[in-house]
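Below are two complexes that have chain A in common, paired first with chain B and then with chain C.
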Partner chain A sequence: MDFMKKNIKTLNLQEKLSIGKKAATLRIENLSVYYDQQLAVNKVTLDANPNEILALVGPSGCGKSSILASINRMNMMIDDCRVTGRILINSENVLTDQYSLTKLRQKVGMVFQSPNPFPMSVKDNICFPLKDHGLKSKKDREVRMFDVLQQTGLWDEVKDRLNQSALKLSGGQQQRLCIARALALKPQLLLLDEPCSALDPKATEKIEILLQELKSTVTIVMVTHNLAQAKRIAERVAVCWSFNGSGRIVECSQTDIVFNRPASKITEEYFSGVAG
Partner chain B sequence: MHSRDSQLNNARVVNHTMTIIIWSVALSTMLLPLSIISDVFIKGLAHLNWSFLTEIPKNSGREGGISSLFISNSLILIVCLAVVIPIGITTALYLNERVSPNDKVDKWIQISLDVLAGVPSIIFGLFGYVFFCQILGLGFSILSGGLSLACMVLPLFIRLCENNLKNSPASYREAAEALNISHTGFIIKVLLPSVAEGIGAAVVVVMGRALAETAVLIFTAGYALRYPNSLFDSGRSLSIHIYDLAMNVPGGMPAASATAIVLFLLLIILNALVRFSCRRL
Partner chain C sequence: MRTNKAVELMLKASAILVVMVLIFIFSFIFFKSLPFITDNQLSSLFVDDGWYPTTNNFNLFPIIVGSISIMVVPLLLSAPLGILLALFCRYYAPKSLAKVYIALIELLSGIPSVVYGLWGVLVLVPWIGQYAPPGASLLAGWIIIAIMILPLMVICVDNQLALVPKKWLSGAQALSITRWGTIWKIVLPSCISNISSGLILQTGRALGETMAVLMVCGNIVQIPTSMFDPIRTLTANIALEMSYATEMHVSVLFMSGLILLLMTSILMSLAYAFKRQPVE
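Here is the complex of A and B:
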């Protein structure tokens, strides 16, 4: 593409600009989530730090996804959902009404279980959200698109079909496009809800490599059912467990400690396949 | 052993009988439209030629063609769709995006849509005659006809659009929410394109209804056979022409059948066109 050559200078400038934006620190304190009257998450406390991947593991229905969806207030979309406690991103509580949703969603990107690119071209999938967020210059949008497609390793695969529908890409490519789309808004924190559960092992591997590369620029919190995946890529692992229908964190620590010397009996049984 | 064999035999007999019954029912439902179509083609094909499409009707329609009616009917349809498509889509969007399912406004709109969809078309004709022709002073005109038709098909169109919007994947909305896309941006760039094909199909259904309608137009668009000078001029639709030729004009049957063939082909062509253009979106 022409704009690539012309904009090397702009690209460098953009890179310099983004250096100032650091990955975020996340602290969750006493988070409880209710659906109607049902307590789904019970007083969870968790930390995630820059330069690391935090994996949330646990059996189905233990509240992992509810915790994740509270961080960017996605569960506000659900009627009767109530969230209490504090979620601090860079020491600011995001659960208060004073913290604007716009600011929060810009700071926190999210990737879902099954790839959900918009029904538009590959290029528009990245450029349309940017335009909607007020990035007026077409050139800037295209530079940003090039940037994130490079970052996610998609550029070489899609550079000749930027104007084709994104729904024609393979599942793995679609999911990387969704990651690229989230990255285009320059988030400081990236939430992933079982991002590989709909993908084959090869596509999964690509995403795992990508996440390893991304953690230097963005803090990553990831829900996964796949224990082996957590072991491979996460720096720290939090184990969720359901007690009478409400999820709690039974253990959160360095990956090798959780897997090799778990402090909790539940973790040990879950990992060895006795429970869960 | 013996009783088991006879049981199996019985089952086989029942099976075969049922198969025959179901096939014959399916065939007879197919035979009905086929016989109508072949009847129309047999009676009308001889009358159909190029001049039938390019000339205006002569001798009350027994001779000449239908070109002026074609223009009138197209104008009626354009007026109707120009009103129905924007109002229908925005109403469906309102119901889908703004009103929660248990809301009272929603309930009342749904009830009135159901009632309106069940009202016989002749009532819409009378309403159109009183409201558009007399109160608004539009007289027997293409405009009155198109607007009355719009009133008739609007409830159906809203329903079809609303169902389409409801079936749009929730994952698009989630993604848009997580990216903090503006509501307007989401509707225009994501939601509507994702249901374009369904809305196209709804337009086809509504066009079919509008082209087939006679009762509404008799009271509102009138009977005139000449080329319309403007939207305020009276103009006869193809379906009224068929009705008139078959019922009121002795010896008009061949021309009526030929008109029916044209109407039939027109519907198929419009159907294909709309579906094709929506698929490309």
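Here is the complex of A and C:
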């Protein structure tokens, strides 16, 4: 591909990209999520600052995924799911019908627990969504693909198999491809729901390093069951807990405070393995 | 693995039973058509003067052409329509409407073919007859068969669509990919082989359909030159003549059964060739 010859130029473009856009500010206010009248998330208030990694931890079923999926309105698709409260991205409430879903999902990328590359070539996994979003020029799409593959450290691993099926990649590569795919739309906020739980330690480490690099361009909210992981990479940690089946945030502050001097007894017990 | 002896025995017995029944049917049809195969040359099926069983003229060719044409065109008509309807149901229609819709389609697939035939004889054939007499024709057969297999096709496509991994769809949603983009680039490529396989299997129904075809196609033995010509199919031929056939005639009818079996086997192998393991 001829754009490869212009590596240097592309890199410049990538730098420009990172400078040009700003990571988002996220503020969640009084968020409640109901599944068929059942209150799963109860009046959660939480925020994430630009360029930080916020880790969302807590026992199974406490509503972490529900909170995350409210941010890009994924759970509004589910029948009988009702979301109330406000979610402000750069001070704009995204939970209103006036806020376009396309715009929201361009601004907010999402990565799922099990890697879900599309059943197409590595290249198309990135280029097809761009094309679908109206990026007409093939060259622009390929440049953008090169950028995100570089950014995710995949380029050297896949440059010779761009036209092979993405399903043939290893789990870790697939997950990084999914991150790259999300990045291709130039999001300002990246949501990850247990992105490493299906991966081995080596692949997990690569993703952790990647996320730390990425936070210079996007704000990251990550659900994880792995407390050590939260400790390693998160600026701040939010602890979610289920009270009578409804999730609440019991505490949210700097990582070392949450781990070393937790304000809440629940956090202390959860971290020491007594509860949860 | 631990097994239960009695259950295992029962399973094995039923498996053997099925194979035995199959072998019995195959050999029965084969031995019944053997007199014709040994006495005549098989080529007489294609070179005899025509289909005059009483004078031992057994040219089956027009009837084979009839059977093939009654199968191919309805497939071409209802396969694309079936795919579109299934896509509409699953990805466009509101959930409540889609449910009603699928229920209706399942109901349609349960209507006995003689009822379709009745409608064909009383409504369709006279209607075609107004424009191109006699009315009972290849066209009438196409329409009836296409309508009959359409619900089967929709159900078959819908079953395949249901197997498309949810995580691809949510991945596409999270990227705000258009509905049509998702269908065209993710859904269809991943299941079109299995859809084709299923559709070909359903076509077997058209080949085997007897009653409705018998009622609306006119049953004249000829190679059709237009879609308004009456035709006769292998199945209709057997149904029409078995009651009075004797000696060699009987053997030829079994022979045409054998040909039907062969055609079905070809369809099955085609369907098998298209089939893919679901991803993951």
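Here is the rule we go by: the second predicted complex is superposed on the first by the 264 of 276 C-alpha atoms of A that agree within 3 Å, B and C clash if a C-alpha of one lies under 4 Å from a C-alpha of the other, contacts with A are read in each partner's own complex, and residues count from 1 in each chain.
To be clear about the criterion, a residue touches a chain if its C-beta (ideal position, glycine included) is under 8 Å from a C-beta of that chain, and two chains touch if they have at least 3 such contacts.
Being a predicted model, the structure only gives us computed values, none of them experimental.
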{"item": "Fit or clash between chain C and chain B when superposed on chain A", "value": "clash"}
{"item": "Partner chain in contact with A:L167 - chain B first, chain C second, else both or neither", "value": "second"}
{"item": "Touching partner for A:G245 - first (chain B), second (chain C), both, neither", "value": "neither"}
{"item": "First (chain B), second (chain C), both or neither touched by A:N72", "value": "both"}
{"item": "Partner chain(s) touched by A:F118 [first = chain B, second = chain C, both, neither]", "value": "both"}
{"item": "Partner chain(s) touched by A:G61 [first = chain B, second = chain C, both, neither]", "value": "neither"}
{"item": "Intersection of the chain A residues that touch chain B with those that touch chain C", "value": "72, 74, 77, 101-102, 105-106, 109-110, 112, 114, 116-120, 124, 128-129, 132-133, 178, 181-182, 185"}
{"item": "Chain A-touching residues of chain B, taken from the complex the two chains share", "value": "169, 171-182, 185, 189-190, 193-194"}
{"item": "Sites on chain A touched by chain C in the complex", "value": "72, 74, 77, 79, 101-102, 104-106, 109-110, 112, 114, 116-120, 124, 128-129, 132-133, 167, 178, 181-182, 185"}
{"item": "Contact set on chain A toward chain B in their complex", "value": "72, 74, 77, 101-102, 105-106, 109-110, 112, 114, 116-120, 124, 128-129, 132-133, 178, 181-182, 185"}
{"item": "Complex contact set, residues of chain C against chain A", "value": "95, 165, 167-168, 170-178, 181, 185-186, 189-190, 279"}
